[in-house]
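Going in written order, the chains are labelled A, B, C, D and E, and every chain counts its residues from 1.
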Amino acid sequence: MATNKKLNFPKRKKKKSRQQNKMGKAPGTISYMGDKERGDSLIYSTTYNADGFETKEFKDLEVFIKEERAEKISWINIVGISDEPFIEKLGKHFNLNPLVLEDIVNTEQRPKIDEYDDYIFAVFRMLYITEEDEIVGEHVAIVLHENTVLVFQEVKEDVFDGLRGRITGKLGRIRSRGADYLFFALLDAIVDNYFLAVENLNNRIEILEEEVYNNPEPIVAKNIQQLKKEVLKIRRWIFPVKELISRLIDTDNPLITKDTKLFLRDVHDHTVEINESLQIYREMSMSLMEMYMSNMSNKMNEVMKVLTIMASIFIPLTFIAGIYGMNFDHMPELHYEYGYQVVWVVMIVLFIGMMIYFKKKKWL
Amino acid sequence: MATNKKLNFPKRKKKKSRQQNKMGKAPGTISYMGDKERGDSLIYSTTYNADGFETKEFKDLEVFIKEERAEKISWINIVGISDEPFIEKLGKHFNLNPLVLEDIVNTEQRPKIDEYDDYIFAVFRMLYITEEDEIVGEHVAIVLHENTVLVFQEVKEDVFDGLRGRITGKLGRIRSRGADYLFFALLDAIVDNYFLAVENLNNRIEILEEEVYNNPEPIVAKNIQQLKKEVLKIRRWIFPVKELISRLIDTDNPLITKDTKLFLRDVHDHTVEINESLQIYREMSMSLMEMYMSNMSNKMNEVMKVLTIMASIFIPLTFIAGIYGMNFDHMPELHYEYGYQVVWVVMIVLFIGMMIYFKKKKWL
Amino acid sequence: MATNKKLNFPKRKKKKSRQQNKMGKAPGTISYMGDKERGDSLIYSTTYNADGFETKEFKDLEVFIKEERAEKISWINIVGISDEPFIEKLGKHFNLNPLVLEDIVNTEQRPKIDEYDDYIFAVFRMLYITEEDEIVGEHVAIVLHENTVLVFQEVKEDVFDGLRGRITGKLGRIRSRGADYLFFALLDAIVDNYFLAVENLNNRIEILEEEVYNNPEPIVAKNIQQLKKEVLKIRRWIFPVKELISRLIDTDNPLITKDTKLFLRDVHDHTVEINESLQIYREMSMSLMEMYMSNMSNKMNEVMKVLTIMASIFIPLTFIAGIYGMNFDHMPELHYEYGYQVVWVVMIVLFIGMMIYFKKKKWL
Amino acid sequence: MATNKKLNFPKRKKKKSRQQNKMGKAPGTISYMGDKERGDSLIYSTTYNADGFETKEFKDLEVFIKEERAEKISWINIVGISDEPFIEKLGKHFNLNPLVLEDIVNTEQRPKIDEYDDYIFAVFRMLYITEEDEIVGEHVAIVLHENTVLVFQEVKEDVFDGLRGRITGKLGRIRSRGADYLFFALLDAIVDNYFLAVENLNNRIEILEEEVYNNPEPIVAKNIQQLKKEVLKIRRWIFPVKELISRLIDTDNPLITKDTKLFLRDVHDHTVEINESLQIYREMSMSLMEMYMSNMSNKMNEVMKVLTIMASIFIPLTFIAGIYGMNFDHMPELHYEYGYQVVWVVMIVLFIGMMIYFKKKKWL
Amino acid sequence: MATNKKLNFPKRKKKKSRQQNKMGKAPGTISYMGDKERGDSLIYSTTYNADGFETKEFKDLEVFIKEERAEKISWINIVGISDEPFIEKLGKHFNLNPLVLEDIVNTEQRPKIDEYDDYIFAVFRMLYITEEDEIVGEHVAIVLHENTVLVFQEVKEDVFDGLRGRITGKLGRIRSRGADYLFFALLDAIVDNYFLAVENLNNRIEILEEEVYNNPEPIVAKNIQQLKKEVLKIRRWIFPVKELISRLIDTDNPLITKDTKLFLRDVHDHTVEINESLQIYREMSMSLMEMYMSNMSNKMNEVMKVLTIMASIFIPLTFIAGIYGMNFDHMPELHYEYGYQVVWVVMIVLFIGMMIYFKKKKWL
């Protein structure tokens, strides 16, 4: 059996996995885990208060650090996290714990919210739907200081465009509120996009449902399994968020005001709803598979019925024909004047009898 | 495989989903999420106390607001929630939080009960059975103030007719009690109708059960799956209510009197019972599917038996006939005087032997 | 598909269900929910203390109310609960909350124990096995006052005969103890009978197990499903009792003495055990269905083997016979002196070869 | 259908079950529930301290009671519990609650540990493997007094021989410690034997696994189901023990010293481990059944392939032979000189073509 | 049936299992449970502080004990735990509880962390991937004293090489921190390697997935079941760790500094993530089996279609040929000039009709 097993589990080309690269390093070591090409990081800074706002772009960290940000609320958006020394320097400037920096560049990090002495650190997955209708999950890390919110993301694409519009357009309350409201608004934007992911899954389930009923090909089974896997994957990204926000609502950390907690409660409701949907989709994809199996059985039944009807009708008739094809010297029926006709009559009667029998069994 | 996948998930006509419309908007933005045609809202106001009651209908919000409602209990029933400015104005009049208004018009809102400083806000699904025996779930939002209960619903149809009769007819205790009792009575009416939904599901399970035993067509499997989905959907509307009421019973909010809590305990018992039923229906629909599969196997077995019996009997007989249909010059049997008769005897013996064999195997 | 659906869910004769009758009525409305014919209620009163006991039967409520019951313990047994005015009057006499009266006549009421200011109200299902070996569940409501225990039941049949014998025969401690011990003893009798129900289920599982192994007919599958449903139904009656008794043990209600709690702990142990059994039966009925399916597959395999063996052996032989039944002018074999014999030899060799092949495959 | 049902559930010979015998009796009634033949009880008493030990055997309870046991630790082993008056008298001597005595003779009692004012009462199942490699569970009840441990068992066979050896041989700490250590040691011996039961189950799963792969006969399916049932049964005996010991560790009962609790923690770890194993075995037996079903499908596939290949090859060939067996006056082919040979060639080509086709489909 | 059962469960060669050897021994008895050959133990001692480090190897316990270790942090690595007297002597030197020593040599010990008065004792499984891509789990026991960490392992191979490098190379913080940081670092190294195990499982699932789709042989089903078992086994080693670390974070034991707890929180996050992965793999392996079954059904369908098409086409044609092979004296068709040709035309029409029919059914 050992040989067989090796056939089934060929040794993979021993490209060192990212996980393996990390082995044996000290905790707090900053090492980028993503699969994007390494490149420079860019800093987009948006500072605002009720009176106005200012947007700047920095390529050089030193320049950024010298900049004064005073009493305004700052949203510092770092795009590109593969440049580890850059992250480390920035981290020192904002006084971040090495463990935090490690998690910022660990693109496989599970969603988490950790409270430190003077900041709150959060990691989420932001989900968005691509042109090809696929759900993509991007790692995003958020640090909330008293007046500053740092957002780390791998690529420029994100789910915060609406939020940017609200700041620049002075829509809603955002400009007149603190950094914690901005933190909430980011979280809200991320969770709102979870609804789109859920909607996307729902569409796919509906399409698969139709396929299962009308056209149960093996490819449909494969797609159902793929869907199941995707639901599992997305659930893993979304599920912890519910608990995390719930704990954030209960915290007595002064960084989060009571007002903002009211809004967080709303986000929490959304995460509950999304998790319920995912749970239902899981059950529905199981039902789909069941349905697929039952339709397969059905088709088999149909095939077998055709075979059985054909064989049951024609094998006995062929037997009769065989009888009178025998070459015995003494076969009186062969010499009857209407022998041949009588045989035909017998055969037709048999045929009709069979048809009635199968009709009664509802096989026809 | 990629092409196949695209075949299975065709891009849907990119009608923007309601969810997408909401993306990027600030929380507390009032935007109607339902699928009813937009139209004017109507206000039905019922004020009453132990001495009497008065019913009025308003089309104009301004007129309504000017109206005095004094010391009596008021049940303000708003029908039609698609007119967002109307809702906003009304909300201001009653001093409601923007997040509350957002949830009032969000027809997809999950059941919730939120306590605010001077009012309690609740969202439920009211279920009723249509003429076509289908279960319909309508979004209903209730706000309990000290003397006023606001009820927001999308259409005029609701489950409160019995309650209205009790107020106008002065049946039971309702006229002599406070607004919190009215709130309870509304909730009670909603939960009572859940029983009808559960009864409806029960009927359908019973019908499907008979069908599965007597007539296991593929359409039955489809109906079972449909039922499963409906149970999941209804469960989602009903399940949270249990927990919500339980929390309401434990609250120390002065809006809910101790007396009313006793009644709420009764409603809570009902929700527990309904949830148990739904749980059982879920298991039963799974059993139904299992039964369906076993009946399919059964039918297949039967088909195969017919085929096997026919083939096993007539193929050997045909072989014998074939033997004596051969044209060898020297086949002594052909010239025996009773050769033909002997062959018939052999065949009949074989036939009977086979029949006995199958009889013993209980295939006949 | 719509038409199909209607075929499957025909509108039921719109007999108003009991649930529908209750819709819209105020909570606390006393309306009998059972399916027994309405009739008069009878009161059986047993009063006792350590010194003696007295049993009386009343048909007239007024007479009963006038009766003095003094310092003794009274067990008031009301048989027949369909006479609503009777129940209401009795309720007033014993000072019972309208919600309690509603639950007393609600024969669909889920098991519950509610503590009121000066009494404890409990609803259970008592189970007993009929002559036909069927499990019947009867609604029973119990009210514990300081010296009085009220027991409401639909029919005269109950599970308390042993208990009555212990009072009249002065067996055990019962006569020298308070009303709470009587309450416990009633509960104990009810739970003891649950064991009989569980035993009955166990017997049926064992019988079905044998049937599945020896005689897997479709009727067996149906019976397994029936059993599953019954386990679910009974579980629903029994499951809540565990939690209810546990709460009763923890209560600080003075109506329940510490001594009686020790006995209640024993009853609690029994309910735990019964629930465990039901859980196991559920798993076992699932296993039974699995086993049934596997036996069906098995039988199918057997059928297919017979078909395959018969066809595989005789179709090639028939082919050979067919060859020498052809009428070509030039077929040298036909004229060999031993041609016919040679063909027979070939056929027999083929037959034996096939048999050996199938033997080796263990199909024979 | 009703008649069918009766066929399936024949009324069992109405031998009164033990459970039925107990119905209606007062709680605290001592009635033996086991299936061993009733006989006399024997008392084995072992008294010891660090200096020495003494073993005695008593047949007469009176003699035993008169005996002095002084300051030493006593292990009183009662073998045979079917003699109810004996148990009652002994119970009175040791001041045991009637409910305790009831549980001592109730051989169906679920594992429990109850703390009374001056003793701790425990019931367990001790498991051991018989010569036939079957797992047997025996009821054992243990009472811990300050200096005395009572052990009640049905038969002489038990799992305490190693422990006895440690006392008589003065191995380990046991002789220098209190009664609570003896209590722990008994418990430890019982739980240690659970490991043997688990090992036994493991062996059987391994054997069944091999059988499923190599020889998937129906008997294997039956054995898997049997195994499942046994795992359920044993789980029921072992599962509660974990919780019970955990509660014993948390108790502040002075009968259990802090030192002994450290040892109990060890036993608790063992029960956790055993329960985990049982959980895994349950999942594995489910997998086994799944595997069995898949192997059955496999075999069916194989059978069907043989049939399909044989039929697909020889039916067309037979058809060709049939063509030239027709007796038309004008069939030119019949008179060709090499007609017969050509037909053979055609047939052989067809045959080879078919073989290649099936080879390509990997059916051969 | 009894005989059958014995066939299936043959008595195993009664080699006493290690578990049996342990039966009846006193708790705290040190008896090696592993399956490695017994041999001498080696001690590798690494002492270090911020200034430097020293590595020594001891074969003789006495020599080791005499050695002074002063103020430095010591990492004592014991390789080989089968020499029980050695372990006992060492244990006495470090003042370890006999129960701890028992667990150190019990290679089957479940992961645990126990706090004693002046040390913390932990047992884990360290997982690593062998050259053959198999996951191996080795028992490792760790004792944390104030300045010393004892590590007991069965073989020299371990997962701590990276950590050793960090001490000798003075990388990271390790040299300047206390023994509790070393303890954490060991734990971190163990948990990091769990990721490799998880990655290995993931690879295997992916390979099996491809196999299931492309090549659903029985060996694949077997491999899926093997995978399931391995996931269960590994889950059992990893699952408890999450809870253990969580409890360690909450402890107020002075041996663990607040700083180290921050790092432990990180390790805890990792264990949560790993457990989630294992949970997902379990669901995925179940899906794989389902997919395998559906592919099997599929293949069966295909086989049956071929059979049905061949039989349905050629059996009726053979029947027609049989008709005109009969030897009746009076069969007018036989003497028609184009009778033979007409029959051919009829046959070809029938053949084409059949083909169209099957095409329409999508069987071709």
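Operating definition for what follows: contacts are C-beta pairs under 8 Å (C-beta built on N, C-alpha and C of every residue); 3 or more make two chains touch, one makes a residue touch a chain.
If you want to know which protein each chain is, UniProt gives these names: A, B, C, D, E = Magnesium transport protein CorA.
Quick caveat, the model's predicted, so the values are computed rather than measured.
Engineer: List every chain that touches both chain B and chain D.
Structural biologist: Correct list: C.
Engineer: Shared touching chains for chain A and chain D?
Structural biologist: E
Engineer: Check the residue numbers that chain D and chain E use where they touch, and answer same if over half are used by both copies, otherwise different.
Structural biologist: Mostly different residues.
Engineer: Distance from the CA centroid of chain A to that of chain C, rounded to the nearest Å?
Structural biologist: 42
Engineer: Hey, how far is the Cα centre of chain C from the one of chain D, in Å?
Structural biologist: 26
Engineer: Provide the list of chain C residues touching at least two other chains, using ranges where the numbers run on.
Structural biologist: 293, 297, 300, 304, 307, 311, 315, 318, 322, 325-327, 331
Engineer: Given the complex with chain B, which residues does chain C contribute to the contact?
Structural biologist: Against chain B, chain C makes touches at 4-5, 8-12, 17, 19-20, 22-29, 97, 99, 110, 112, 114, 218, 221-222, 225, 228-229, 232-233, 236, 289, 292-293, 296-297, 299-300, 303-304, 306-307, 310-311, 314-315, 317-318, 321-322, 324-327, 331, 333-340, 343.
Engineer: Touching chain B in the complex: which residues of chain A?
Structural biologist: 133, 161-163, 165-166, 171-174, 185, 188-189, 192-193, 195-196, 199, 203-204, 207-208, 211, 213, 219-220, 223, 262-263, 265-266, 269, 272-273, 276, 280, 283-284, 287, 290-291, 293-295, 297-298, 300-301, 304-305, 307-308, 311-312, 315-316, 318-319, 322-323, 325-331, 363
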